[in-house]
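Please go over the structures that come below.
Across the two complexes that follow, chain A remains constant while its partner is chain B and subsequently chain C.
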Partner chain A sequence: MKEILEGIHLNKIFRDGDSLVVAANDVSFTLHEGEFLGIVGESGCGKSTLLRLVSGLIKPDSGELTHDGEAYTGMSPAKTGRFLQMIFQDAYASFDPHMRMHRSILEAAPKNVSEEELVQLLDDLHLEAKLLEKRPGELSGGQCQRMSIARAILSGADILLCDEITSALDVVTEAQIVSLLQGIRQKREFSMMFVSHNIALVSQLCDRMIVMHDGQIVEAGTTKELLENPKQEYTKKLIASSRMQSL
Partner chain B sequence: MLEIKHLSAGYEGEQTLHDINLTMQPGEILCIVGESGSGKSSLIRAITGYKGLQVTEGSICFGGQELMRGKRACANGVMGREIGLIPQNPEGSFNPIRTFEKQFREMFASHGMSMEEAQIEGAFETVGLQDYKRILKSRPYEMSGGMNQRIAIAAAMLLSPKLLICDEATSALDVTTAQLVMDELLQMRRDLGTGILMVTHNLGIAKHMADRIAIMYQGELVEIGPCQDVIDHPQHAYTKQLLESAPRMSA
Partner chain C sequence: MTKRKQLLIRIIICATVAGLIVLATMFASFLAPNDPYATSAAAIRQTPSAQYPFGTDNLGRCIFSRVLYGGRTTIGATFLLVAISFVVGTLIGMLCGYFGGIADRLLMRIADVALAFPQMVIAIAVAGILGGGIFGAMLALGITMWISFARLARSHTYSMKNQSYISAAILAGKSNWYIITRHIFPNLLAPLLTNGLTQIGVTMVGISGLSFLGIGVTPPTAEWGAMINEARAYIQLSPWAVFFPGLAIAVTIIVFNELGDLVMDYREM
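Entry: the complex of A and B
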């Protein structure tokens, strides 16, 4: 599979008062075309920092990022938006509360997107077209998050960066979004980096997984390898605990 | 140990609990599973006599004693020593600007116990907290939410109550820390026979902890039964939907 995105020896240190927090410590990864890559770990492990580095929201202290073989380290989010789009945990906060969904969603889309294309995508996400007339506050959490997925896909970017996108939703809505993402994957070409603390969820959705701890990648591999044969002690503990907290 | 009959309750005209009936045996672990707004927290508030919640009908008995006084349960005599509560939001159970040491001393004193540091050290260790001396000198506002939650869990455990009520006690914790807490709760039941009423939205946790599972939906208790029965043979449509939706570890 072709490599579409690569992070090479990424480092990022934040200052918190007098102390330094190493949020990314020599992080290297590869995302292949069409792949769903899960990034798991506990609070503060650096998984959200990694997505922010990749998206250009924050700049690495050192290291390099490439898209399709071309370096884009230091590129602003406005420019990275052409090939990647970030989706956040709080869907409401990622829309202008005063703007109708129709306008919000088309804002990031290329000019030539047709109304049919928009309605088809909404249909794929089980959203009724009439919801386009609503403002974010009038939608449920699940509807609003599906709208932000629609906006990201419609923008023409072929990489989605998802940061805990189902964590604020109830389990039934969460399962629906995961199954919609799996469904859309059959119809459209896109790759995804999916950050979540929920390993069971990631195991159902992603082809490969990266386990992070203290700003470092502890272990990476196919979902099957990691679940069935974790090598590192931390991964073993994380997976064993997750098994005891899922069905 | 706990017997709830025909309990209905709500907030200022909005009814959040409808005709709840359930009993708990001493030493039993009952998990109440449901999603936001299902009434799980209202049920706990009814049992613990939360002031904002009005009980419109029904009775709550603990250890053969009726707790209901007028519109709410009066749990003053039993809270802490007999019924422990681990709240969802630990910030609500500590004074943010007083040291843990003062608050722990006060907690023990109010139940006629003296504070043993060795005991506290042990309780902190079981919830994964090292350096108990430093923690005792700290104040809740200086701690992260996860730290405060673990300290609240340790506090409830130290009083070794007969019934421990956990309101989403592990949902704000990382999965490995949550595991420590779950293991410790099971240990408490084994060693001290503590009954546990555990409210959670996570069916996975219920599966690994509960003797019985009760499912709540829109203020009603829609299904209750032995853990494996509910998971293998759900009766109510909502239970089936929850089971289908819960993520499973699979490659």
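Entry: the complex of A and C
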């Protein structure tokens, strides 16, 4: 499979008062065309920072990012948005509270997108077209998150960056979102980086997984490999805690 | 009846009274029974009557007519000043909050220094230097008035720019100007308008106060503060000449302050 996105030796340090927080420490990864790549780890391990680095919303201190073999490190997010889009953890906060969904969703879409395409996409996501006239506060959490998936897909971006997109949802809605993403994958071509602290959820959806701890990648491999034969203690702990939660 | 509904009714009452005050001053030329600038030796310091509802002053001028016309000056200058401060302060605040950097730090330090002194003290100093007049008074008050709008706009913009919907708009390729005008400003409007309503009372006190001190509106222009200043010399002979302009100031300020507070409470519910 063709490599569509690559991060090479990415580093990012934040200043928190007098102390320094290493959010990304020599992080390297590849995302292949059509692949779903999961990034797992506990809160504060640098998963979301990695997505923000990839999106261009924050710049790495060092390292390189490439898309289709071309470097885009330091490129403004207004330009990276042409090939990648982000879906955020808090679906409500990802839409302007004063704007109707129709306008919000079309903001990221190319000018030639037709109403039929939009309605078809909403249908794929099990959303009614009449919801487009509503504001985010008038939708349920699940509807709002599906709207943000619609916005990202409609933009025409070939990479979706999902940042804990189900963590604010109940388990039923979470399962619906995962199932919808799997369904959408059959109909539309896109790659995805899926960040979650929930290794069980990631394993349902992703082809490969990266395990992060303290800003570093501690283990990477196919989902099957990692679940069946984890090499690092930290990965084993994550898997064990996930099993405990599911009991 | 819910508390929210009660609050809404109070807002409507306050807004109606405020609207009536503004309309009365706007249509002063139709409502005033006498020429506010016409002096009459035969009507000096007359008590309130059918011909002169609020009595007359030391020059025989109709106080009711002068209160109506004076409202035009006071309320007109207040609205204009608040509107200019709103636009200037909001624009500065949004740009500082959104872009940050040296300009932000510099402007906010200037604002901190300006706020370290009571607004009226700065206004008196500036109006004194400018030598009086309504525009001098407005400029003197405007020097510090934009700050409250700028600080409010800056703090809201600063927290808003880290919201996911702003990141989404950036990734959608929208320009900074688009984001500021279409996403940030509409979300700032409610708190800024509330602040604008509360600033009306403060500004009115400022304009009337400067006129009262003789460094605002210059006689014979009808203005509430200036009318009190003129009439205080003979307050014992004709207290109505001080009472009615004072009442007009008090009622207008109370109504607009109450309206601002109620709208703020309503928004926070």
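Please note the rule applied: the second predicted complex is superposed on the first by the 246 of 247 C-alpha atoms of A that agree within 3 Å, B and C clash if a C-alpha of one lies under 4 Å from a C-alpha of the other, contacts with A are read in each partner's own complex, and residues count from 1 in each chain.
Basically, a contact is a pair of C-beta atoms (placed from the backbone, for glycine too) under 8 Å apart; a residue touches a chain by one contact, two chains touch by 3 or more.
What you see is a predicted model, and the numbers here were worked out from it, not measured in a lab.
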Clash or fit: what happens to chain B and chain C when chain A is overlaid?
fit
Of the two partner chains, chain B (first) and chain C (second), which one does A:L65 touch, if any: first, second, both, or neither?
neither
Using C-alpha centres in the superposed arrangement, which angle lies between chain B and chain C as seen from chain A, in steps of 10 degrees?
80
Looking at the overlay, what does A:N198 touch: chain B (first), chain C (second), both, or neither?
first
Considering only touches as defined above, state whether A:L132 meets chain B (first), chain C (second), both or neither.
neither
Using the touch definition from the top, say if A:L154 reaches chain B (first), chain C (second), both or neither.
neither
Now for A:D96: first (chain B), second (chain C), both, or neither, which partner does it touch?
second
Enter the shortest inter-chain Cα distance between chain B and chain C once the structures share a common frame, rounded to whole Å.
13
Seen from chain C, its contact residues with chain A in the complex are 163-165, 167-175, 183, 186-187
What residues of chain A sit close enough to touch chain B in their complex?
42-43, 170-172, 174-176, 178, 197-201, 203-204, 222-224, 227-228, 237-247
In the complex, go through chain B and note every residue touching chain A.
35-36, 146, 174-179, 182, 201-205, 207-208, 231, 241-251
As the complex stands, chain A meets chain C at residues 55, 57, 77-82, 84-86, 88-90, 93-99, 104, 107-108, 148, 151, 155
